[in-house]
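What follows is chain A paired twice: with chain B in the first complex and chain C in the second.
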Partner chain A sequence: MSEITQAQITEQLCRRLADFTNAEMEISPETNLITHLAIDSVKLLNLVMEIEDHFDISVPLNALVDVLTVQDLSNLIYKIKSATK
Partner chain B sequence: MSLLEKLDTAAAARKAQLPDGLGAFGIPIEETYSATEARIGGRRVLMLGTNNYLGLSFTPECRQAAHQAIDQEGTGTTGSRMANGNYSGHRALEKEFAEFYQCRACIVFTTGYQANLGTISGLVGAGDVVLIDGDAHASIYDGCILSGADIIRFRHNDMADLEKRLRRLGERSRNTLIIVEGIYSMLGDQAPLAEIVKLKNAYHSTLLLDEAHSLGVLGATGQGLVEKTGLIKEVDFITGTFSKSLCGIGGFCVSNHPQLDQLRYVSHPYIFTASPSPATIASTRAALKLLRDGQLLRERLWRNAQHLYASLKEMGYQVGPEPGPIVAVMLDSPQQALALWNGLMGDDIYVNLVLPPAAPDGKSLVRCSINAAHSLEQIDRVCETFSRLYASLER
Partner chain C sequence: MLKTDSQPSNIDLDSATPTLHLLSQRRADFTTLVEALEYAAQGDTGYNFYDAKGRLRAVLTYRELRARAQATAKRLSGLGLARGSRVALVADTTPEFIEIFFACRYAGLVPFAMPVPVNLGSHAIYVRQLQGMLESSQASVAVAGLDFVGFLEEAASGENDNALKWCGTPAQLNLLPEANVTFAANSPEETAYLQFTSGSTRAPRGVVITERALMSNLRGIVCNGLKVRQGDRCASWLPFYHDMGLVGLVLAPLAAQLSVDYLATRDFAVRPLQWLRLISRNRCTIAFSQPFGLKLCTLRARESDLKELDLSCWRAAGVGAEMIRVDTLKSFAAKFSAAGFDERAFLPCYGLAESTLAVSFPALDQGAQSLCVDTKTLVEKKMAVRVQADGRKFNEFVNCGRPLSGHVVKIVDEDGQELPHMMVGSVWVRGDSVMDGYFNNPAETTRAIKPGGWLDTGDIGFVFEGDLYITGRRTDVIIVNGRNIRAQDVEELAEQQPEVRSREASAFGVSDRDGSTIVVLVIETRLASADDRQSLINRLQQMIYMAFGVNCLVELVPPHTLPRTSSGKLSRFAARQGFLHRTNIENLTAASTVG
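So, the complex of A and B:
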């Protein structure tokens, strides 16, 4: 998965979030994790562990402070993936 | 949204979760009669929701020591350990804790919360990693946040998951502090310390063990999980609190690493707060002796804990993974937990109500904690009430 593009990350993230939240709405990069998907602080911690395993990266909890939308999360994952290539 | 409007929103959410259950939190204790009984709402209530594991809160030796300290040294130190608050009692207690754990040194903090905050934030910083169990106490999370280190969680007590995360860190595992607890405060289960030590050594990491709930409870002399497992030499730093088995308030960190002492000069939660009062230090010193020699107390505690755990399990309640002084009953919803809590209070039995997000994985808990001073008759009374309430719980 080392050559993954950001578009692929976003696409995979949307699918993972749909499974994680059982959301009936369509998840897009603009979807807000808190207001649209009702991911509270505890759910977010568990989501992070799933994302770490899916993308085989370490996501420090402190890096989540600026994450509001799916796009924000995708940006963070891409940044970490790029740094660990 | 303004600052105050945010608080209003949070308060509304809290009330919506449990409109009739707010009395369960911060319940007024009107009078405390003993280690097992108090007056609440004008009624004599059996206390099954304290952390007084050895039942030492009214012990004559501890009370006398506290009285004497107040008479001789006053009510408070009015200053930091780094300034005017470094009394002989503080230094004596540090020496006694170091001897108790057969460790090189100890630092005493003003609370157990600050012991974790001060130790973690002093040990790691920006660029380092903390790898914490998913069920870690809030004081551990807050210490990690204060430190500025990268915070990574592993799934609770899951050693394959811990190894996977250590492996991912690569060379950074050498600058990683793994943090686990002897007994976890919500479900009462113990950390698999032997496996954690193996991983810590394999990946050249550092290990901090919080014995807050296991001090006095595990091991022949009550050191905690390190003594039960015989792994004290393998754990780099041990933290703990005076506010549970020792019935005071305060906290400590012990270690064989000579660098421990440097924490006194870099740890804000140690430096920028007043030191524990003379009475607290004196009663803790007396309690530590009783704890160390308290094998009979530990036997009574475990007899009570195993009796309650086995009885609740047999009744059909979903309880925590293993018996111990914390017996957590897991319920399907906050409403069901509140109904059980109300039923117990109706029979004059106080337990802790724990609702999401305070409990792991969105669970709702009725959390019982047992102590050595409970009689078997008291535990039987609790079992009878739980048994009667089981059928009435809506599922």
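So, the complex of A and C:
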């Protein structure tokens, strides 16, 4: 897979989240996954699976405990992708 | 041979431990856990660990487990701990967890499993949860794998009241010198392990299980419940920190020398079909799940998945750990019958950590039996009468079978008086599997263990023709997607907000018709501004999510709305009734309120 920038990850993530939550609202990097998008544990698992398939990475559970916003999640994906290059 | 991540991943399936072997089968007739391992170590069976893609990642034969546990026990002995000292283990699905668990038993120490974090944004709350368990258990040693040891170190540092002498990873533990000791045999009266019952942040309760209780329950599971035989093989995704995962799918198979195939809980949750593939490929006969796990499988399976599965080998599909609804089982069977799943394999059981694990099992090979009882009689007379005429409203309850041999179940009223059959009341259990009590917590112990050695399970149910039916779980525990959440913990979190006073929050669960439960939090407040009210609601929802991983419906009500008992205590049951009345939510079943 070719290099992907952090901005591209954020953009793709926002698009996937929009499909995922059927929310009417605009999704930005500051969007809070819990309070704004109501990602519960079942949705979270679906999301993790989609992220893993889409970005071809493995997301460790211990890393998610520091994720609150779309930006946090994007940072995490970028970090994992950079580490596995 | 133990294989680690660093080895090539294309290990042939042949290197998993076998299903059949030459050692003659002994069915959990041991007096201690170590004795059970000593026997199993004479055969070729053991534990197999698979990764998210279904590849064999590690193999731990019982023989290897014995050798490694003994070596680790000598290292632990070098720390000079008193017999019975507690050892805290963050229980990821790894060979190392099992090795250290057994090492503790060889060394006369008491292990207990702590959960791994699973929720978004839960860092701080997870650390507090670990702190609570370290303090409550007064653990001397704490061990976590690389992924989690950072949280453990955070929990161990700072100003808190723990007794830790050593904290680190399994690899660091392996660097300690082996002390030259001979192990003293364990006695049946000694504590085998502690089991923490919920992810509560304050005053977590550690169930004390003795060797006698454990061996009694394992015998019940192996001989009465599953009637284990040669040719059985288990598969499990259940977390090792859950009683069903630990007792049911780690210790029980070992006590009958069966091989087990593990999938990490996280990997199951993300890709549930991997569990079914494992069962199909390795011809597993025994696999347990919470209803939630079955639901995930049903939701995620596609037609193409069904073609590659052959589940005809699965003879005991145990279901437990939360209220079982017939619909969940029916949908699963409807989906997977095309893949050879036989619905007669369903084995809905009842149990709880306070009785080690299992309390009752139905007969094998009959599938999930249920009883439709008249709703009006149930609600008005607290009596379960089979529904007679068409068109009358009814509630359907799953038959959880009969108590394990040597155990008795009775149904009692609010004064502890035994009720006749068919009457709905509290479920009490007596027998060797019942816990000694909660560790270092006489007040909670007295509340749970009644005179005569009866355990008040807190659950509500009835007995019909000798079989136990559960109609509702206790009101102080809300079960969402298989997770137990203590209502009190939710209320205490709410009360940490400056706008919320103590005794002005009430939490409970409500279920809709398809059996999903949501957490409802009702708060009394004088806040008038819409912004302030919304800010409080957002904050509460976020905190509850971070602590418990569930969404929560927050309702703000004027002061003096919540019903109180004569002693001024909030009544969750009445608060729930009030909420249902105010919101007039349709589709809520009466079933979970009975009692």
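In this text, the second predicted complex is superposed on the first by the 83 of 85 C-alpha atoms of A that agree within 3 Å, B and C clash if a C-alpha of one lies under 4 Å from a C-alpha of the other, contacts with A are read in each partner's own complex, and residues count from 1 in each chain.
The rule is simple: a contact is a pair of C-beta atoms (placed from the backbone, for glycine too) under 8 Å apart; a residue touches a chain by one contact, two chains touch by 3 or more.
Quantities reported herein were computed from a predicted structural model and do not represent experimental measurements.
By the document's definition of touching, of the two partners only chain B reaches A:I57; chain C does not. In the superposed pair of complexes, A:A83 makes contact with neither chain B nor chain C.
By the document's definition of touching, both partners, chain B and chain C, reach A:M49.
Touching more residues of chain A than its counterpart among chain B and chain C is C. Within the superposed three-chain model, A:D66 lies in touch with chain C and out of touch with chain B [touch as defined at top]. Using the contact criterion defined above for the overlaid structures, shared-chain residue A:I34 touches chain C, although it does not reach chain B.
Comparing the two complexes, residues 40-42, 45, 48-49, 52, 58, 60-62 of chain A contact chain B in one case and chain C in the other.
For chain A in complex with chain C, the touching residues are 32-35, 38-42, 44-45, 48-49, 52, 58, 60-62, 64-68.
The touching residues of chain B, when paired with chain A in their complex, are 129, 134, 145, 148, 150-155, 161, 164-165, 168-169, 356-357, 361-362.
Only residues 52, 116-123, 126, 147-148, 151, 266, 269-271, 296, 481, 483, 538, 541-542, 545-546, 549-551 of chain C touch chain A when the two sit together in their complex. Against chain B, in their complex, chain A makes its touches with residues 40-43, 45-46, 48-49, 52-53, 56-63.
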